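Two complexes are shown next, each including chain A; its partner changes from chain B in the first to chain C in the second.
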Partner chain A sequence: MGGEEKEIQDYDRKMPRDSLITSENDRRKRGEEEQAPATSSKSAKTRKNIKNEKTRKMKEEGEEEGEDEERNGKGKKKHGSAEKDKKNRKGGKGKEKVQEVKKKKKKVETSSEQETSEEDDEEDKEEKEVRPECLSPEELEKLKEAVDERKKLIQALRGKPWPMKTKLVTLQESQEFVEKYEGALGKGKGRKLYAYKVMMTKKWMKFQRDFENFKTACIPWEMKIKEIESHFGSSVASYFIFLRWMYGVNMILFGLTFGLVMVPEALMGRPYGSIPRKTVPRAEESSAMDFAVLWDFGGYAQYSVLFYGFYNNQRAIGWLKFRMPLSYFLVGVGTVAYSYMVVIRTMARNANESGVGDDNSFNFSWKTFTSWDYLIGNAETADNKFASITTSFKEAILEEQESRKDDNIHLTRFLRVLANFLVLCCLAGSGYLIYFVVRRSQKFALDGLENHTWWERNEVNMVMSLLGMFCPMLFDVISALENYHPRVALQWQLGRIFALFLGNLYTFIIALMDEINIKREEEKIVKFNITTWEASLYNGTVSGNSTAPPNTIHPADVPRGPCWETMVGQEFVRLIISDTMTTYITLLIGDFLRAVLVRFLNYCWCWDLEAGFPSYSEFDVSGNVLGLIFNQGMIWMGAFYAPCLPALNLLRLHVSMYLQCWAVMCCNVPQERVFKASGSNNFYMAMLLVILFLSTLPAIYTIVTIPPSFDCGPFSGKNRMFDVIQETLESDFPAWFGKAFSYASNPGLVLPFILLMVLAIYYLQSTSKSYREANMDLKKKLQTQNEENKKKNKQAALKAQMDLEEARQAAEQQKHNNTSNEEAADVEENSDSGQRMHHTKNERNNAPPAGDRRRQQSATRAPVPRNYHQGNHPTPGYLPGFPQQSEPRMHRVPSLQRH
Partner chain B sequence: MVSPAIALAFLPLLLTLIIRYRYFFVLLYRAVLVRIWKDCVTGLSREERAFQYVLTHSTPGDPDSILDAFDVWCSKVEFISNIGPKKGKILDRLLLEHSPLTVLELGSHCGYSTVRIARSLPLGARLYSIEMDQRNAAIAEKIIRLAGFDDDTVELIVNPSDEVIPRLRSDYNLDRLDFVFMDHWKKCYLPDLQMLEGSGLLGKGSIILADNVLFPGAPKFLRYIRKSGLYEWKIHRATLEYSKGIRDGMAELVYQGIK
Partner chain C sequence: MGATASQLGKDLLSEYQELTFLTKQEILLAHKRFTELLTREERDLNLNTRVPMARILTLPELKSNPFRKRICYVFSTSEQKDGSLTFEDFLDLLSAFSDSATLEIKSHYAFRIFDFDDDGTLDRGDLEKLVNCLTGETDDTQLTPDEMRQLINNILEESDIDKDGTVNLSEFQHVISRSPDFVSSFKIVL
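Here is the complex of A and B:
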């Protein structure tokens, strides 16, 4: 449903371009005398262009033949789209209307097919009749001229002030003519090649059409999103499109980590239980398979490929000699790099799309002509949209009115400051609460988690999720104090939620850093203990039976360090899980349960539940988008220490796609203020970029500054994690490469390079700025030119009217002379209106047929411009029944011509 | 045992709910808690207390002062769901615009809206006011008389509306109602409307004004008028009487008849 309407819209936009191409085509053809082989590639290219424009249109069309038909079809389609346009303007957004239009279009198509097939036959006949060889040179010349004339006509058709129907008929006829005789002008040999070319084009086009269909069918969830779009408007749909995009990005991240890290380790790495880091310690063995432990990602889950600690520092594994540590590091860097690239690329693309158009100068006309969301297909949403447009108009008018006067600015200011103060308090409170909880959980961890309840163990995540859920509500309530315009209020709201989430996340990270430091202290002690333990072991074996093999110690019994990397990964995984759970539970309780209650309790309740207090929930776009963005931030942060995170996230996104689609359609109502999401996509992207940056910061910090654990992970034993690159360079590459690399990484080389980059960025920035300015100038120029044209046209119209008036007077006079009625002529000279009144009266008295009169006029006088008399203007004033020949009508004529 | 930190995390939610629905809490306090307390203390019903206040604070024979006294009592002392001054203005305007001759009021409660309607009626018009409750009707009677309206202008009928409406034509010799004001039980809006349609008392151009259609709300009534097509209707949005933040509305229906 929404798709169709979008198509219409798209097509409406494309129409002028289409016809432009047609004319180009014609121009190209005019010059040539059937040089098919030479131009075939060129024409194919052009055709492809046309095709790209039209493939979407063509999907529904049946078979369509050749190039000529294409042209005809285009004319038809133009007609069809014009009809559609009319329909749209009438406000026909209902289902039936569009279907009707569709039907009509189909009809048109089929009719064009018939015609074209007939035309084919005709063409064959024509071929026999008009053999170019049989024509004399003069006739050929004549024919050529005629063809040229027709072509000119086709080109100029758009500017002709005729009714649409005439235009279409003329267009069709001329095109047929041109098609017929243009070919006839060529030589006999070229014709076959031409036919072959046409056939191939047909086949190619069909293939492309099918391919396009296939491509559309391949876009996942497209129909679902379209349906939602039709019910809830594009702002809600933009969330789902964003979600889908996110899914795609995560798919790549998952592919990287899964394919290059997890699978190789699982297949080629040492199996479970072979070395201490791959074995569950003896103390935990009894509970390692408990569900509660696994749910917290402890036990067997902790000692698996899912986490950093499981990986071995063996340089190359398996028969492939897979460089595991290097791969691990590069994948970690690669995911972040890829994310940066993809976000920035999307941003740039979006910016290109929305770059044109200034919002300031024609505020009200923008509102009038562009505020409708054509993708809406649901009556209720349409009502809401209507209401919101009306309110936006009211608001805009009020804004215009009140832009000068401002009552009680001090109170407003005070309230705004107060609101911000309250929000800050709230933020600080939530930050402190999280900090407190994290510290407490560390205490619990030191005590041993088994001694505490589930609530206490999951306190951090619970508190974070709850705060993330409830604080935005509080902000929303507080923002009522500020009395901002809703759009501004939404921005503030987004900013505050952003700050809250960011604060929470960073508090969490800071607490995590503390924990890392604690673990590292612990690690030092353990390291010392291990050396003593090993020594004692060695001593023991020496002192005891010397023949006993030293490897009798089971890997589970070997003491080991606390491996902070796995701990970090676990924390993030738990956070993601609890966040997902909270989201889903909120969805089920807050939306679904509420909807069920409202729906069924309404039968026996004392007030109206549906329209009144609880009502159904609206889809919270901003909250959901922010949730998604922060979730992604956590993934970026934690993915290095828990390779399973992208997989988990993929799962989460997949489920939430279906769940949220269902929930939206099942238990949400369209927003009261339906707003278009045109510019918001890049806003989301910008937030995503900020979050990406902020989330890579701590990850990079830990990688660069903290030495890895000594006995777990792929980098164990190294001083820093990135030493793995150095190692690879030394051992796997030829010596010169390492040398070159060391030179390249020399600050003396890196710094100039960075400088160069900065300069390049500056240069590009300034060029784009100047381009923008030039654009603005051009726009201004265009505008002034338009105004000038309008003025000129007005003047021309006025002059023409005066001439007309004069001519008519002359005619009148003549007639009066004829009928010897001099008094009337005197009155005419006195006043214009009086003249006209009198004139019409006269006309009524005389009542000659209009055409007759006109002929008479043109016969009698000269100075009237021709174009006003040649059917361009229906000349309502001349008809006896229409005495008022209004001036605006006259003004509009030239502007019609201009187009 | 839930830890205190998790409980603290619910604080924003609690605050949000309190702030967002503060008007409802205030309403609950004023309309229910204060009423119960006063009932116990004074032994009088709410309407009787209101009557005492009006009696002492207004000039007899002056409808305006009586209405003012009511408004003051309802907004400052206790809460009675009269139509209130703001929505009353809409009512006044409608009455002045149409100057109906036969008016039916469903639910006079303690006479506030009766006085309000009666004072803006044209000469010779007659108001039939239906009240179900005996005690309320007695007070309404007193208030009406206090305002100076006699039996010719206002006729108080003490009976449930669903019994009275079918008998209006026979017992009171009515053949057309120009204006109907509904402010009784919200559940009865729809059956009474249908009964009015059935009795044939509504003619083309008869106006029906229904109070409190959004809060407490009469969803079935609204759904019915939306669907029926017998009426031209609109909803005057306003707030609940004597309270700022609760949205409410009055439905104005103009009977068009079957086309």
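Here is the complex of A and C:
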């Protein structure tokens, strides 16, 4: 590369004039081109100036490249002389054409500036005279550059804050330019390829745009959510976006379980009634089709693909030899793994998007500049927003002053402790209630469900739903005692509801564990009984000495174990159903009926119902989000034992979407406590992650520790459920693979691996911490540097201004020796306002060279005296050139602060 | 829909897509909404018909926005500075407030909206008007003069980096770019 550069330099020395002229010419031309479309706005112009400089640099590089190419062709005779001749001839032609085009373009774009274009033409002629044949590659290069530049401009156009007219004109001109020049460019040997490439890019762009349009059209419920967003602000919409996201996740889960477990079993597995586990037992047959039984997911529903117990432990089913038990296990694991992955990925993305907002240095500015939610299109929401902004301002001011009057801190403390105590009591009470109810229901179940009333049968679910409904209200009442700041209160409230739900869920699970243990005891007895029964059967056939075949027993008559897995699945399905029902019914009663009553009774009531006590209900974002999250937790917990759960959940979410959208739009009023959506997104996700972890724990525990039932489910007959992996490894994979796997799963390898991962996490965390620190340092440095630069700039500008003024004054004095006092004052005023104008401009674009040029303009252009500046900031009059004036900032700032 | 498409023209439509952050559907919807604002006679005219500000402000999306008049003034290309919008101005508005617009362009327009006297900087007067807009017109939500002074002092202390008593565009963008929820809240959808 170094040698080549040298050669280039040599070349430059040989014909300096030529290249100089072309570059000069080109620069000017480019300048015109660039400035032509942007005559309307000043800011655009300055930007262009900067850009011009950039393009100039690029151009020069391009030239060098072009020359380089030519030199290669000439000096090294790579292409042979004939080709070279051709090239030159072609180059000459190309050059002519190019210049033609150039002229045309000039006419189009610089018709206003005739003089300069004429000059250019002259220069063009000169150029031709100097060296007509060897310019073509350079020109081509330049053209290519120019075309690329235009293309970039077209790309960047939408990000420019110009009015549409300017943008349109620029776009059309640029496109015209690109099209013309692309025609001219296609002269080389790669013409066809080039044209093809251009065409393909165009097509690709169009396709991309269409695809983008198509994609936005495909997002489900987008319009519904936007409508809600524009009525209720972004926080309510964030719930629906969360709901939609959840719907997507559940869609995948449903696809997994449905496609890999339920459908294969239904299509290829043994049909209903073929073996005992796939048949309704004789005792239940009479009631197996009753609606009440089906509603409880008993009877035929229990003995179907919907539940764990139905699946057979046959290793491979159907003509596909589908490995059913393995598939069942892997789908269970995959569901959990996918959920973890998607939640964490979403969290990380959210954190990336809002990762910078952690410093609190712009508290007030953010409150002022960014607190309005422009999506609000409802007068009531707007009023609430006004109120909340005002309170937030007042609070911030109060906090800033730090003059919080703590009247009787002991009372507040006492009340807060009391409130927490009460909440704890509530939590403990609800936990005990659930435990009690679950145990009681077990007793009922032992007695036989048909002897009990509907309430006794559905006690557990009803109690859980009712607790979930009323305890939050109780918490709300209790939190009034505490006298917290509303935001803090909201967090406490959320935390308490979270604890309540979690406590309820875990009590439920513990009770369920008890039940599992009971069932397993029962199973042992049944197993023993079955062996004796089989023996007696065998003995019977032997002793009867009959010729009847031994398999006359109908599968419905075979005694069977209790199958705790199906029981767990059923419990979860029932829970989901009752939860869904309660949600919908509360929605209908609490929101719709209330709204109807308030609306129509208001005509004949003593007080104003709409403004007074019952009023319309608000949309409870946090409560709904929590409900959704816990619902999802139950899905994760139960999906292994009831493959139908994701499908049910999908249905529920689908209905929820429409029902809640309708309810929000028709009977809710916007909330008074408007809280920001962006901050809460990751909050929801964090809760979801916690729930995911907590709900997979018991599921994994049962899978790993409890042996599966002996006569139902895909893992029956195995010691543990995960034995299916080992079995597959042994029989379906080559021996070495199994060996390798057994080595890999050796604790001696696994433990160091875990240790390594922990160390890696620690390392990554500490590096990220140090990066963050470095980032902060850099930020600080940048800030101080910025300030310093600005100071310097200002000082330099002021100095230049001063010099200019001096020169002008000197000139004026020379002109009119008898200057009157009035004129002197005028000059003073001019200088003052000119300096101010420059001062503001310089700050706005931060481009010293451009600012330099403009300063001269602004100084020579007679500035209009601005009265308000003088009125507002009484800068002391000064004599031009007086050194003390280089620091006017020091005087001005305090005077401003006083205003 | 056929009428709107034919009135907009295919080329123009694709150019608008190129120049704004809007999709085709959004542009067509915008056109539909815009023609609804026009009277019957005006509808037959070309795209350069201006809709007066009063009629623009009847749009429900802008009706309760405290900055609605400023928004119209900023996006209007009218010579008389009356805040009337052509269809192209309207598209500009929607593009700046759209989902996919960049932070840079959003903050640029936000600055111009907040710059009530159009002098290129946010001075104390602008900030006071801005805060008054945010707290609503009623007396019970307005801040007292004392609070206002304190608030503005605090704002300037934070964001006026060069300490000249005003917030200029680069300072404003510096502050805004760090805000977690500016981009998500500076949005208007039809």
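Details
Quick note on the criterion: the second predicted complex is superposed on the first by the 572 of 899 C-alpha atoms of A that agree within 3 Å, B and C clash if a C-alpha of one lies under 4 Å from a C-alpha of the other, contacts with A are read in each partner's own complex, and residues count from 1 in each chain.
Simple rule for what comes next: a contact is a pair of C-beta atoms (placed from the backbone, for glycine too) under 8 Å apart; a residue touches a chain by one contact, two chains touch by 3 or more.
What you are looking at is a predicted structure, and each value in this text was computed from that prediction instead of being measured.
In the superposition on chain A, A:Tyr300 contacts neither chain B nor chain C. Taking chain A as the reference chain, the count of touched residues is higher for C when chain B and chain C are set side by side. After overlaying the two complexes on the shared chain, residue contacts for A:Thr453 are found with chain B alone; chain C is out of touch. Residue contacts after overlaying the shared chain place A:Thr381 against chain C, while chain B stays out of touching range.
Residues 154, 157-161, 163-165, 167-168, 171-172, 206, 209, 212-213, 216-217, 226, 229-230, 234, 354, 356-357, 359, 361-366, 368-379, 381-383, 386-387, 389-390, 393-394, 396-397, 400-401, 676-679, 783, 786-787, 790-791, 839-840, 843-844, 846, 889, 892-893, 896-897, 899 of chain A are the ones that touch chain C when the two sit in their complex.
Interface residues of chain B facing chain A in the complex, by the touch rule stated above, are 1-3, 5-6, 8-13, 15-16, 19-21, 24, 186, 214-219, 222. Chain contact summary for the complex, chain C toward chain A: residues 14-15, 17-21, 23-25, 60-67, 77, 88-89, 91-92, 95-97, 102, 104-105, 108-110, 114, 120-121, 124, 127, 130-131, 134-136, 138, 141-143, 147, 150-151, 153-155, 158-159, 161-165, 168-170, 172, 175-182, 184-189. Of all residues in chain A, those touching chain B in their complex are 426, 430, 433, 436-437, 440, 453, 455-456, 459, 462-463, 466-467, 469-471, 473-474, 476-478, 602, 606-608, 610-613.
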